[in-house]
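Mind having a look at this structure? Questions to follow.
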Amino acid sequence: MDRFRMFFQHFQSNSESVMNGICLLLAAVTVKLYSSFDFNCPCLARYNALYGLGLLLTPPLALFLCGLLLNRQSVVMVEEWRRPVGHRRKDLGIIRYMCSSVLQRAMVAPLVWILLALLDGKCFVCAFSNSVDPGKFLDSANMTSSQVQLFLAKVPCKEDELVRDSPARKAVSRYLRCLSQAIGWSITLFLIVVAFLARCLRPCFDQTVFLQRRYWSNYVDLEQKLFDETCCEHARDFAHRCVLHFFASMQSELWVRGLHRDPADQS
Amino acid sequence: MDRFRMFFQHFQSNSESVMNGICLLLAAVTVKLYSSFDFNCPCLARYNALYGLGLLLTPPLALFLCGLLLNRQSVVMVEEWRRPVGHRRKDLGIIRYMCSSVLQRAMVAPLVWILLALLDGKCFVCAFSNSVDPGKFLDSANMTSSQVQLFLAKVPCKEDELVRDSPARKAVSRYLRCLSQAIGWSITLFLIVVAFLARCLRPCFDQTVFLQRRYWSNYVDLEQKLFDETCCEHARDFAHRCVLHFFASMQSELWVRGLHRDPADQS
Amino acid sequence: MDRFRMFFQHFQSNSESVMNGICLLLAAVTVKLYSSFDFNCPCLARYNALYGLGLLLTPPLALFLCGLLLNRQSVVMVEEWRRPVGHRRKDLGIIRYMCSSVLQRAMVAPLVWILLALLDGKCFVCAFSNSVDPGKFLDSANMTSSQVQLFLAKVPCKEDELVRDSPARKAVSRYLRCLSQAIGWSITLFLIVVAFLARCLRPCFDQTVFLQRRYWSNYVDLEQKLFDETCCEHARDFAHRCVLHFFASMQSELWVRGLHRDPADQS
């Protein structure tokens, strides 16, 4: 039990470990979700962009809100913000620190989805196949404008009979996927540079203030957990006494039937 | 034993952990159930919508009621509502709190089924293939109305000889699946936004009342568990005494036969 | 050892946990049994319905009786019913409570089998393929009635050369499986609704009587277990004394032969 208790206490004191774990789990779920999701472009000019961009941006939004929901620090933060001022004065810096910590963790899973989608390229091809300049790839002399639009809308569906085995379809698709991957890698690089600067250059500025805010943010979190636990124990103790009181009044009945146990008889 | 006992006590005090566990388990069972269920559209114009919508809505209803059944707080809630008023006055707020907590947990599994079915799209294609405007996808000039209806009813069965290798079937199917996925993601996003607002904005209102209700709902649950346990112990104690009483009257027989054990003889 | 003893006592006092465990185990065995059973329709008009309905109904009957057999409360119940009236008066309500509790647990595994068979649909297709109205699916103009019956009897055997690659076979099979699944889900829903009403609305009526019956049903069970245990201990004690008595009378013989052990001789 001690082992379990110490393990439990370690995670209880180290909310950050738990939150990092949740953050990684959510990212893993995102990868699994993306890979098992059956992407299915409608190949209709009016719906392509809507569907492609929708799949590029709706799930990240959902994942971002999920990240905020699953992180109990986001609730702790709001409660710290709204609590009545007692002997411990409110410090906006602590709330800012918690807010940035929550936001950073919540943004991991959405970014994973967006980068996966961009590096994979299907969403991008579906969304922007109609926006390609047809002059580059098609011999559009012998096609009307609506025929060109129909052809471009069919580009993401490689099994469609209109575009099957068409070299122009392959060229457009290649071009768009290439663009999508380029954008994906650029965003990756940019994010990593920003994270690097934020983490490695931060100790150069106000390290003491940072450590204090981290201490207090941890304190607020722990105080709430301990309050919850003590509530449970208190309720348990109270209920125990009430139930014993009820049964104590039943002992008299046993006494009457001659089945009472003598105080001395401890068989 | 202490380890087992403390582990047990931890889960006994933390009904919420157990219920969250059950809720997650039910959601996992739902995913497993959906993935192992053999979806089988009848492809008959009259039955398609019935079957598709039935599979979209009947299992969630069953799962919702299962969620209520498996959550012991739903029984605790009804008992708290019906109990005679004693020294502890009844508070409708506690019952409301328990009710909302039970409903929230019971709705997870059904929503998982509905979202899975919508993102997968098979149910939706089966249910609404007859409701598609045929003018968009079919060259309906050389088909009678009943032929068009027959064709649309066969859309979900891609192995059927009437529609095999038909590009129109693929287009209708793509369009419907796309719509189904869009609806699925919209519902997901909506639900997550609602959950986010409910969880993160709640501390801004009546946090004290909420904490009190949570305390009392936990207390009611614990009181009932302890009552059950004490009942078991009481019955055990009572039975022990009755059985000993019966054997004590048998000792005289042994005494008579000269096989009695001397009080001093401790072999 | 203490750990084992307390664990044992916990389960001994909580007969319900054990019975629920047996009930779940039996349900899991049923699932395993069904999935590993090699269903094999005879495809002969006279035997199809017999085989299909037999497999739908015989194993559940066996499982139901197994459930009654494995549940020790069913024996306790009969003993409670037949016991001589002593100081504790007989209450038919307790026997009714035990009976309903035993029946509920025994019915879980059979229902799991029936629902699995209906959702899978093979039994149903085999049993009712001859009862389908042939006019809906077959072009029966150029077939005699016996040919139609032969065709329908072959529907469950998709490898049979008469019906292989026949779209009509697929349509009949799809229709029947769809019906079977619809019936399965309807039964599931109905049962869950009944269970929900029975469980959640029960506290509204006679909760005190219910708790008392539960207490006494638990008491009867415990009394029997303790009686068995005390019998064992008593028999052990009695046998011990008899054996010692025998050896004590042998000491005199050893004494006589001069082979007695001196109290000081500690070889």
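Annotations for the structure displayed:
Letters A, B and C mark the chains in the order given here, with residues in each chain numbered from 1 onward.
Everything below uses one rule, namely that a residue touches a chain if its C-beta (ideal position, glycine included) is under 8 Å from a C-beta of that chain, and two chains touch if they have at least 3 such contacts.
Keep in mind the model is a prediction, meaning the values are calculated, not measured.
Residues touching across the subunit B-subunit C interface largely differ between the two copies, under half of the numbers being common to both. Here the chain at the heart of the structure, going by C-alpha means, is B. Rotation angle, subunit A onto subunit B, C-alpha superposition: 45 degrees, expressed as a multiple of 5. Separating the centre of subunit A from that of subunit C, both taken as means of CA atoms, is a distance of 44 Å. Distance between subunit B and subunit C, defined via averaged C-alpha coordinates, is recorded as 24 Å.
For subunit C, no residue reaches two or more other chains under the stated contact definition. Residues of subunit B that touch subunit C in their complex: 1, 4-5, 37-38, 40-44, 47, 50-51, 54-55, 58-59, 61-62, 65-66, 68-69, 74-75, 78-79, 81-83, 157, 159-162, 231-233, 235-236, 238-240, 242-244, 246-247, 250, 254, 259, 261, 267. By the touch rule above, subunit C contacts subunit B in their complex via residues 2-3, 5-7, 12-14, 119-121, 167, 170-171, 174-175, 177-178, 181-182, 185-186, 188-189, 192-193, 195-196, 199-201, 203-204, 207, 211, 214-215, 218-219, 222-223, 226-227, 230, 234, 237-238, 240-242, 244-245.
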